[in-house]
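Each chain gets a letter, A, B, C and D, in the order it is written, and its residues are counted from 1.
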Amino acid sequence: MTEKRNIAIIGAGIAGQEAASVLAGLGYKVTLLEKQERMGGMLNKWSKLFPDFSSSQQILDTVQVSANKNLSVICNADISSITKENGRFELSDNSSLKVYADLVLLATGYNLFDATLKEEYGYGVFENVITSVDFEKVHKSGKKLTTLLGKEPRRVAIIHCVGSRDAKSGNTYCSKVCCITGVKQAIEVTRMWPDCEVFNFYMDLRLYGSKYDSLYLEAQKHHKVQFIRGRLSEISERQDKGLQLKAEDTLQGRPLRMNADIVILLVGMEACEQNADLCRNNTLDLDENRFFKSKNIHYARNISTQPGIFMAGSCICPMSVNETLESSRSAAFLVDKSFRSVQVEE
Amino acid sequence: MSQFDFLKPKSRQIEFEQFDDRILTFVLERERSFLTCISCGGCTATCSAGNLTSFNIRKIGLSLRRGSINDLSDEIQKCMFCGKCTLVCPRDINIRNVVLLIKKRIAQLESEKTL
Amino acid sequence: MENIISIPFLVGMAYLFIVLIFRCIKWIAGLSKFDKIRLLKSITGRRLFQSIKETFMEALLHRKIFRKNPVLGYMHMSLAFGWFLLIVVGHLETMMAEHSMFVPFHKAVFFRYYESSGDFYLSGFFAFFMDLLLLFVLSGLMFAIVKRFRKKLFGLRRTTRLKSGDKIALTSLWLIFPLRLLAESTSAAVYHNGGFLTSGVGFVIDFIGNPAILYYPLWVAYSLSLGFFFAALPNSRYMHIPTEVVFIFMRNAGIRLKKQNDSYTDVQVFSCSRCGICLDKCQLSVAGIDDSQSVYLLKNIRNKNLSDEKLFNCQMCGRCQIDCPVGIETIELRTVQRIESTRDYNSSYDYLIQEIATKADVVYFAGCMTHLTPRVISSMKKIFATVGEGVWFMDEVKAPCCGRPLMLAGQYEAARKLIENNSRMILDSGAHTLVVSCPICYKVFKEDYKLPDVEVVFHAQYIDALIASGRLMVDAIGLRMVYHDPCELGRGMGMYEAPRRLLGRMGEVVHMKDEKEYAYCCGGSLGNIKITEDERKLLRNQALVAYESYSPDVLVTACPKCKKTFAAGRKMKVLDVVEVVAGAILAEKPQKVENPLAEQDVDALAFAPDMTCNL
Amino acid sequence: MRTLMQRLGEDVRLKEGLHACMSCGICTAVCPAAEYFEYDPRSIVVTVQSGNEAKIRKLIESDTIWMCGQCMSCKPRCPRNNCPGLIISVLRRVSQETGAFVKSRLGRQQYLILKTIGTNILETGYCVFPASVVPETHPEQGDVWRWIYQNKEAVYERVGANLDKEGPGAMRKIDRENLNELERIFAESGGNSFFSTIVKFSRAYAKESGFTDADGEPDMEKYTDFLLNEDNDEK
C-alpha cells in the first residue's frame, strides 16, 4: 500500500538525505532532487564541526543515502516550481525535467550571506579579509592560514554577526550558529599558530547549545582567545596590506582601533532566493525572514502552509548540523504519519 | 591631609530612583526606533567626531536611558551630524534624529533654566 | 438706488486694496536696506519691463504650467487671462458706451446692468467678444471643477486640502462667472440684446421663467460673489495672485533668500498657488508621507504651525523645485526654516584645532560616507598612483565632516566652524587642487568654502580631465550602464555631463526617461532627518524598479550614500564611477582588463566534486 | 627580563583567581569600593586577561589597584570561579616588587603603611597599637579618640585590658622571646626583604623627587611629611 506513495525531496544536503533514507526505509518511493552536481550541500564546505571538532566528512559519510530500490536521486535538478494538479504535485525545473509526487518535502537549506554587500568590512576589497567559509576551505586543505603575502598571522580578528541581526543587510534575525563557529575557528587558528592573538568582536554571545559554553571557556582558558564586545564599523588597509579595524570596546566605553593581519567574517545564513519561486502557484508561504513559514512554530514546525508540503532543516530557519538531522527525522515521521492518517480516512 | 578618600561617601552607583527622564521621554515620543538600541557600539566606532575626541554617541544614548543627563549638554555639542552612525546601525535607529531631538530638548530646558 | 447692487463688490474690493497696500508696505519695509535699494533701482530701470513681461507671461498666461501640463495650464490661463481680458475689454466697452476716458470701476463691472440700449459704436462686436471671453473663462472654470473632483484626469495624483478661508474664496470664485452669465443673460432677455451666449441663455431663461423678476436678485448675487471673493482673498490661497507679481518684481531686482526669515520669505510663501505640481514630483508619497511636502511647508509657514516633524521630513532632493510654476525656492525656504528652528542649538568643535596639515599638490577629501565604501577609496588611490599624483589624503585616518550634513539640518553656525577648520587645513597644505568623491562634500566645498587659488573638483571631472590630457588611459569595457544622478550633484550643483562623459569613454550610458534634473532620489538622503529606514526603502525601490526596467549591466552613481543605499536593495550591481574607471585602467603595456563586475566567486570555494550521484 | 605577565603568572593566587572572565560585571556590582571610587574590578580582570604588557604596566602604576578593600565579596559570586580580589593582590605584589607603586599616590602610601603597621608588628607584636595611633597624625580618628589617647591608661584599665604591661590580658606587652620569633618568621618568609624593597624604592623616589638632606641622601622625614600631605584631589 505505501509503495505506491511517491515523495519528492528537494535538496540533497544532510537534511534531504537523512529524510530520504528514513522514508525509503519505510517503503515509500522517494525521489531526491539536488540542484548541484553532487550531494551533501553546504556541509561540503565545512571542515570540522563545533563543539567537538569532529569531521564534517564523517557526518556526510554517515548520512549519505545508500542504493535502495525505493530511492532515486536526480542531481543538477534546480527545481523552480511546484504546482498541484489532480491531487498530485508537479515539480519542474527550468528545463524539461518534471517530477510527480503525492507529497513534497522541502530540504532546500540556506544561502550564505554575500559579504561583499557589507562593503565597509572590505571583503573583496582587501585580500586579508576572508569569510568563515574561506577559513573552512583553508582548514580542510590541511594548510595553515596565512596572510596574502604567505606570512604567519600575528593577530586575527573574528567578526560576529556579518549579515545577521543587521537591518542594513536586510537580515534582522540571528543566524544562531555563527557565535559558536567563531569560537571554534578561533581555537583552530590558535592551534595552527599558537602565538597568534585571536580576538572575537561580538554584539552578544549567543552560545545556545549544550557543550557550547564549555568551548567558549576552553577558548579563553587554554587558547587565550579574547572577546571584545563591540560591533565592527569599518576596516581599512594599511600600506603593508595589514588591516586596521575600528570598533568600540563597549565595556570600556571607548573607541578602539586595532591592527590585524587577517580578519575572518562570520557570514550568516540566509534563505535561498529560489524559495520565492517555489511559493508561486500554491499556498506555500515565506516568513518575514524569507525562510519557509511553518504552520505552527511549536508543534508543526515541519509542516508548511500548503497541505502536502513538509519541510526539513535550515530552509525553516538557521540550524546547526544536529538540529538539522533531528528536524529531518521529525519531518520524515510527520510525512509517514500523514500518509497513514489519509489512509485511515479512505 | 585635609581630606580623606574614605570620608567622602559619594556613591558612584547609578541611582535608578533619581531618574531624570525629561530628555528621554521627549526623544522616545518622537523617535521610537531609539527604543531598540542594543549598545553594539557600531555608531561610536564609526563616529567622525568620536575619532577625533572622546565623544561617545552610544554612551550618550545609554545615559539618557539610565536617566542621567549631567554633562549631556556639553557632550552633544561635539556631534558633527555626518550621519555615519545612522548608516551603520544594525537596528535601523535614526540616530541623527535622536541627536537633533536631544539638542532641541536641551535648548528648551536651557531656556527654561532647568538644566 | 440702482447703485446698491455694486456695494458688496465695492466693499470687498476696497477691503482687498487696503489689505494689499498694507501687505506691500509691510513686505517692502521688512526688506534689508540693500534690498530696498535693489528694488527701487529695478523699478526705475530697464528691469521694470522684464518684470512686467514676466508678470504677464507667468501670472496671466501661466506659461510654465502650460509647458508642463497643457490642460492644467489652460485651466489657469483661461481663468486668469480670461478674467483679465474681461476686465480690460469690459472697460473699453464702457468707455466706448460712456464716451469717456474715465469711467467708474463698478460701471464697467456691472456694465450690462447699467447699459440697456446697446446703442454705441462697435456694441455688437463688444457683445460678441465679451461673450466669447466669458465662455473662455467658464471653460476654465469647468476644468477647475472637474479637477477638484477628478484630479487624475489632470495627471495630478493629489491636490491640497482646503481651509475655511479657501472654501469661501473657492465657492465664491466658482459662483462669480456662472452668476455673471445668468445676470447678463437675464439682462439680455429683458433688453433683447447681448452676444451669442448671453442672448441664447437669456432666451432659455425667458422660456422657463420670468427674467424681469430674476434680473435684480441675480445681479445682487453676482455682486455678492465678487465681494465675498475679494474679501476672502487675502486669507485664502488666492492671495498668491497679487503676491506673485510682488515676487516677480523682487526676484528680478536681485533680492535673494537670507539665512533667516525676512519679508522675501513671506512673499515666496504667499506666492504659492497650491497647484499641487510639487506634490506629484515628491517621492515621499510612495512611503505614505503626505503632509510634509513643499506645498504644505509653505502653507504651514503661512499659518505658523510648522512642526519639526514636517520640517525635517524632506529629502531636500529638489525635485519639487524644478517644476514649480511660480519659481518658489522650496529647498532654500525649507533650509531657512530649519535654520530658524535650530538657532538655539549649541555646538563646539574645539577638538579639531590640533589637527595639522601635510604639504601636497593635491588634497583628496573622501568624506565621512566614503569611508563606508572602501572600494571608492581604493579605486581613487589606484588612480592617483597610476598617474603619480602627489596627494595628501586629508581624512584618511580621522575624518572631520565637511559641514554639509549640518547645513542640511539648518545648523549653519555649527557648519561654519567645521568649514573654518577644514579650510585652514587645506590652505596650509599648499595644494592647488582639492579632489572630492562625495557630492555632499562637493556642494559645500564649492559653495561655502573660501579657498583662494585652490580648485575644487569632483572626482568624475578630475578623472575625465586626466583621461582627456592623456595622463590616464582607460579601455572600453563594453558595459551597459544606468547612471543615477545624485541629488546634491545633479540638481544641487548642476553637474550632469561630466560623469556621463567619463562613463561614455568606457561603455554605454543608457538614456532614461527620468534622468538629470528629473532623476530620482535614492532615498538615502541626509537631508531627511525624520524618515524611517523602512520608508527610505520604499523610495529606493521606486528608483531601482525604474532603473531595472532598462536592464543595465550595472547601476553607476557618483555618491557613496546613493551607492550604499542602492546596494542594500540587492537588485543589481552598484558601482561608483571611480570603480568603473579603476576597473578599466590601461597600464602602459596593455594588460588584462579587470572586470569590475567580477565578484569573489563564493561557489569557487567549494571543492572539486569528489562524489558522484551514480547510485 | 621576565615580562609582567610572567611575573603575575608565577603567583599561585593568579592561577586561583583568574580562569576566564566573560565580563558579566557581577564583581563590580557587589564591590563596595566600586561604589565610591573610579574603580572597576571587572575591567581590571579584563586587562590582566588581555595580557597586554603596556596596559598591565599602566595598571600597576595606577591608584586603581590600591582601592580594593580585599573583602573578597567578588569570589563567591563569580560565575566562572574567578576572584578579582586575588588578582589585585598579585598586581599589588608585582607593583611592590617592581617599584611601580611609587608612580601613584595611593601606591606611595605603601611606605607610610610600612612605617606604621610594619613597624608596629615587629616592635610591639600588634598591627595597630593604641600608643602608635597618635592623634596628630591621625586626625581622622576625631576628638573621641584624642580623649581616649590622652587618658588611655585609665580607659584601658576600666575595660579590663592589660595595656602594655607584663602578664596576661588583652593588649598586654609581648615579650622579647615572642618578638624574636616573629622576626624570624618575617626573615624566613620574605617579609623583611619585602619591607626593604618598599623602603628601597621609596628612598629612590624620595631622592628623585628632591626630598634630600645636606649630603644629597634621601630625607625620609621630609618624604613622610610629603606623603601625609599629598593632595587627595590631584588625580
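Remarks
The rule is simple: contacts are C-beta pairs under 8 Å (C-beta built on N, C-alpha and C of every residue); 3 or more make two chains touch, one makes a residue touch a chain.
A quick note: this is a predicted structure, and the numbers were derived from the prediction, not measured.
Chain closest to the overall centre, judged by the mean of its C-alpha atoms against the mean of all protein C-alpha atoms: B. With each centre defined as the average position of its C-alpha atoms, the distance from subunit A to subunit D rounds to 56 Å. Look at where the CA atoms of subunit A average out and do the same for subunit B: the two points lie 39 Å apart. Note on chain placement: the centre of subunit C and the centre of subunit D lie 75 Å apart, centres being C-alpha means. Counting partner chains per residue, subunit B has residues 46, 51, 84, 87-88, 92 touching two or more of them. In subunit A, 120, 167-168, 229, 234 are the positions where the chain touches two or more neighbouring chains simultaneously.
Subunit C has residues 371-372, 533, 564 in contact with two or more other chains. Two chains count as a pair here when they touch; such pairs are A-B, A-C, A-D, B-C, B-D.
Within the complex formed with subunit D, the residues of subunit A that make contact are 205, 216-217, 220-221, 224, 226-227, 229, 251-252.
Looking at the complex, you find that subunit B touches subunit A at residues 38-47, 50-51, 54, 56, 58-59, 84, 87-92. Contact residues on subunit D toward subunit A in their complex (touch as defined above): 19-23, 42-43, 46, 49-51, 80. Listing the residues of subunit A that touch subunit C in their complex gives 34, 37-40, 44-45, 65-67, 71, 73-75, 112, 114, 116-117, 119-120, 122-126, 133-134, 137, 140, 167-170, 234-237.
Taken in their complex, subunit B has these residues touching subunit D: 1-5, 7-13.
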